[in-house]
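The two complexes that follow have subunit A in common; it is paired with subunit B in the first and with subunit C in the second.
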Partner chain A sequence: MKPTEKLLQIKHLKQYFNEGKANEVRAVDDVSFDIYKGETLGLVGESGCGKSTTGRTIIRLYDATDGEVLYDGISVHSKKSKKELKDLNRKMQMIFQDPYASLNPRMKVMDIIAEGIDIHGLAKNDKERKKRVYDLLETVGLNKEHANRYPHEFSGGQRQRIGIARALAVEPEFIIADEPISALDVSIQAQVVNLLKELQEEKGLTYLFIAHDLSMVKYISDRIGVMYFGKLVELAPAEDLYTHAMHPYTQSLLSAIPFPDPNYERTRVRKIYDPKVHNYQPDEEVKMHEVRPNHFVYCSEKELEALKAEHL
Partner chain B sequence: MTQQYDKLSPDAFKPVKVNNKEAEQIAKPSLNFWQDAWLRLRKNKAAVVSIFVLFLLVIMAFVGTHLTSHGVDEQELSRANLPPKISWLAPIGIADGHAKVGGKDVDLYAQKNVKENYWFGTDGLGRDMFTRVWKGTQISLLIAVVAALIDVVIGVAYGGISAYYGGRVDDIMQRIVEILYGIPNLVIVILMIMVMEPGITAIIIAIALTGWIGMSRIVRGQVLKFKNQEFILAARTLGASNIRIIFKHLLPNILAIIVINTMFTVPTAIFFEAFLSFIGLGLQAPNASLGTLINDGYKNIQFQPYILAAPAVVLSILMIAFNLLGDGLRDAFDPKMKD
Partner chain C sequence: MEKILEVKDLELSFHTFAGEVKAIRGVDFDLKKGETLAIVGESGSGKSVTTKAIMRLLPENNTEYKNGQILFDGKDILKLSEKEMQKIRGKDISMIFQDPMTSLNPTMTVGKQIMEPILKHQNVSKAEAKKKAIELLQLVGMPKPELRIKQYPHQFSGGQRQRIVIAIALACNPHILIADEPTTALDVTIQAQILELMKSLQKKINTSIIFITHDLGVVANVADRVAVMYGGKIVEIGNVDEIFYNPQHPYTWGLLSSMPSLDAKDEKLYAIPGTPPDLLSPPKGDAFALRSEYAMQIDLEEAPPFFKVSDTHYAATWLLHPDAPTVEPPAIIIERMKRFPGSRYYEAENGGNHQ
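Then we have the complex of A and B:
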């Protein structure tokens, strides 16, 4: 299946904190990419490289410093009426990283999941509200007895599934999963990732999957974007990224993946990425170039020639 | 060892059927935060006793003033300076109305020909100490309620707004707090009294001016801690309004801290009032507060220690009970904080 319809267009998105001050942080610095309907775009990179900030800016938790996010052609960050905002909130949802911090400890699971239903008035009466919550619990593999319990009574995996149910309550089309599995035990990770995959097939969801676990990202993503210090350095179909890693940072990331094969491990060399290797000149324009079909790399013209020679 | 394993029949190795539904079951009964805290509080003996003592003191403060037929400021010099006399304690020699006068043990009640018993004795003007002590307790409790209200209303709102809106609002509000905090309390009270009559209103205004600062700082810290938690972000992505986030998500989470802090503000305020009354800046005669009663009493401590004893004991019990209850609540709400 080749997804073609662009659901989300991110154009030159910038998110600076403490702008203009000495401690300015360029968390997201001129990032552009598209997300196609029905696909899963993985976003990887080291801690603090701006993956989560990108996700949070897309969903309007932060106001973008500059640039544009178009959802179905509608700008997310422009001024909006309450109704338009609510519509947008229903279409875009988020799953959070820490299952222990993402559920209000003073609310029952029933009210946590029903929060979106309450805000958007999706249930006509209490009975319908209850039924919807029970259905959602069922969808994520919990049972309805759990509705009257408090978050602290659940395990990490169960909590994460409650978080997924909460996001699903408003029937979104697009879900940003902000490292949904990094706080979970490996055995539970598969549970949650498989649930996300099933839901995608069932409901035709589109995911932006933020993670730092490369093997898991490869498993779930159709395309993968690699971020480094606020910039997107490589964007490619999942398979292609692993077989034809072009940007030296991507190669460095891939070289860090351990593999359960002693023979391979013995010869695995950890590549260290040094930004100095590019040796960009001040007059050189560095931007995303399509090296192979659908495979974009952040590089200069000079590097592009070399990459093309090597990979085509 | 290995031989033992050889003897095992292959039948012993059957795959266990795992029921996924069963794996998700939680057996423990569901308790919410407050039920849990109540269970823990009940185990704390000091806190439970404190609750009863406070309950008793509140009842006595309102009932006690009516138990005798004497008014608060009813003077009668013919019955001045009587020691306590309680009929059922008299036979064992305590509170029997006797006092040492000029080295001799004298029954003052017989000497002054007083038929009635004064449980806490009378002061130099013949006023019934029992009535006056409970009247003073009323004032202390009034201060307690006022201080708690000011804490909750002004302190929580100020700290909450400051932290929730953040940025420049926070900067300005915190500078104001710092200025207020820099002025000593006593200076404010003395200034108040220069423009107002000394009395309960002046004390309440003094508490209202600065009493909420501690609470506002604690609430600010808590709101800052919670407002960037993921569950608040989740509510935001669902489109929750500020009102909803504040009342459904923030307040329930900081309520425990608010309650604990109030329990520690109350005794401080009670003591502040008693202290002001003691040094003469608070309530004025003939009104009674525990502070003024103690002030009256300490002048005669060598001859009539009972005038000091009754209000001092009540004030101490009140303070200890509030503090122990506060301690108990803190441990109950946050078991991790217990050392």
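Then we have the complex of A and C:
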């Protein structure tokens, strides 16, 4: 698959909290990237690096401080009529990290999944509404008997499936999955990841997959972006990121992953990232440069020369 | 090597409104001096309950110890009074909990919290305890310890808090350190630091560590021996190489195959079908049989005993019975076995190098 059509364009996106005050936090600081139709873009980084905020700003859970997000050419954050907004909300959906906290404990699974259907008027009558929910439950590997139960009657993996069914209910094109498997057991993680992959193939979905588990991210993503302190520091095809990690932070992140192989673990050497190594001068311009085809690194001109010499 | 702890045929249940949950259904293992034993398994497999039983931290009112012994220093821990147990807890055996955010007291300075076990178990003055607390913080790699001991937990990051929890656990140079998912809540880079710290401290004070986790990467990194738990039992136990390169139990195969490898892509990830057993009414035979494609008739009828694979490696699966048919493990497991001298798939030229 060679995805070329841009579904989302994120341009110089900034999300500052407490702007202008002493405790200003630059959670997302001038981040630009595109998401192609039908691909999975992985976003990784440590907690607090701004990866979740990026996802939440894209889907308009926050108003952006600056910059713009274009969905199919339409600016997400601009002023819109109610209808336009609803339309956009239907196309973009989110799956949350914690399957325990993201389902209303007082609603039945039927109503949780059908909430979007109701809001967008996707079912003409009650019969159709039910049928849709049953179909969705089947799609995610549950069955229709589950519709009349409450969230507490399900295990973590099952709840995450309900969360996925809810996201799928409004037939979205683009799904942001914010650490959808972090709270699940290893054997269940594989089930959920396989489900997400199958759904993508079936429905041509586009994913933004936010996670800190790098081995799973590599498995599911076509391209991966690495964030550090609000900045995107590297963006590359999944394979290339692992074989040719260029930014020293990416290298340190990759070298920190323990691998289920004792011999490999005995020889693994961890690299430590020190932001001082860059030694950027005040007049130096630091930005994303394309070092290899489709492989972008946040660096200065001087570093770019060195990287090109090493990796081309 | 000298055995420091022996768990013998431990069986325990919780009495709940729904009925009797048979959480531990016969667990046997020992811990040797200075080694790290990793216990892996999914939530509900009984790994945390086993270690909480060792610490006697399970609620007395609804826990029933049905059978077995936990021998430490020649004494059966299960028979000690709460008072005697308090002399062991935090001194001979101490514990690191999963979540550093909730295992520290938010209203006490960290200095006070580190001094607490020292004052309780060692006959020292407050000034000496404070000195020791500063040394401990230094030991776990905290900068400016003399200033930091006056601060409260919320003034530290997650990784720093876990270092403080480790400092508290190590305050009395315990013989056994139980670490219950100590890095699960942390980022990979911080996790790497904490694991390195634990390993270097283990060398310095020669403690034995029981390390509970479900991350097999972490296991490969820290463990000398590994016990795999499923449905309240140990299903396989052996040296780290034996478990990773010559696994015998279908559950271990499933666990190892469901992790994506860093160099493979595109092929579908192997997922163990179904969900863990309900221990309110545990299955009669092999608890894993219903989720296993390798299950035989006998697996549904009778629980398998331990079969010996080597002097250090045992697995509870009928597949190892002399009368059992020979089965092919999943391809990804055969790849692993090729690297293990002594396995039937061993290929000498594949000398064990990764990549």
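As a working rule, the second predicted complex is superposed on the first by the 312 of 312 C-alpha atoms of A that agree within 3 Å, B and C clash if a C-alpha of one lies under 4 Å from a C-alpha of the other, contacts with A are read in each partner's own complex, and residues count from 1 in each chain.
As a convention for this text, contacts are C-beta pairs under 8 Å (C-beta built on N, C-alpha and C of every residue); 3 or more make two chains touch, one makes a residue touch a chain.
Just so you know, these numbers come straight off a predicted model, no measurement behind them.
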Subunit B versus subunit C as contact partner of A:105, first or second or both or neither: first
Which of subunit B and subunit C A:274 touches, first, second, both or neither: neither
Contacts of A:259 with subunit B and subunit C, given as first, second, both or neither: second
Partner chain(s) touched by A:94 [first = subunit B, second = subunit C, both, neither]: first
Touched partner set for A:116, first subunit B, second subunit C, both or neither: first
Contacts of A:163 with subunit B and subunit C, given as first, second, both or neither: first
Contacts of A:149 with subunit B and subunit C, given as first, second, both or neither: first
Overlapping contact positions on subunit A, where the subunit C interface meets the subunit B interface: 158
Footprint of subunit A on subunit C - complex, ascending: 42-43, 158, 187-192, 195-196, 214-221, 240-241, 244-245, 254-256, 258-262, 265, 268-273, 275, 339, 352-355
Touch list for subunit A against partner subunit C, complex: 46-47, 155-158, 185-191, 193-194, 197, 212, 214-216, 218-219, 238-239, 242, 252-253, 256-265, 268, 270, 273
Residues of subunit B defined as touching subunit A within the complex: 20-21, 24-26, 28, 30-33, 229-231, 233-240, 244, 248-249, 252-253
Residues on subunit A engaged by subunit B in the complex (per definition of touch): 56, 59-61, 85-86, 89-90, 92-94, 96-98, 101-108, 115-116, 119-120, 141-143, 145-146, 148-150, 153-154, 158, 163, 166, 170
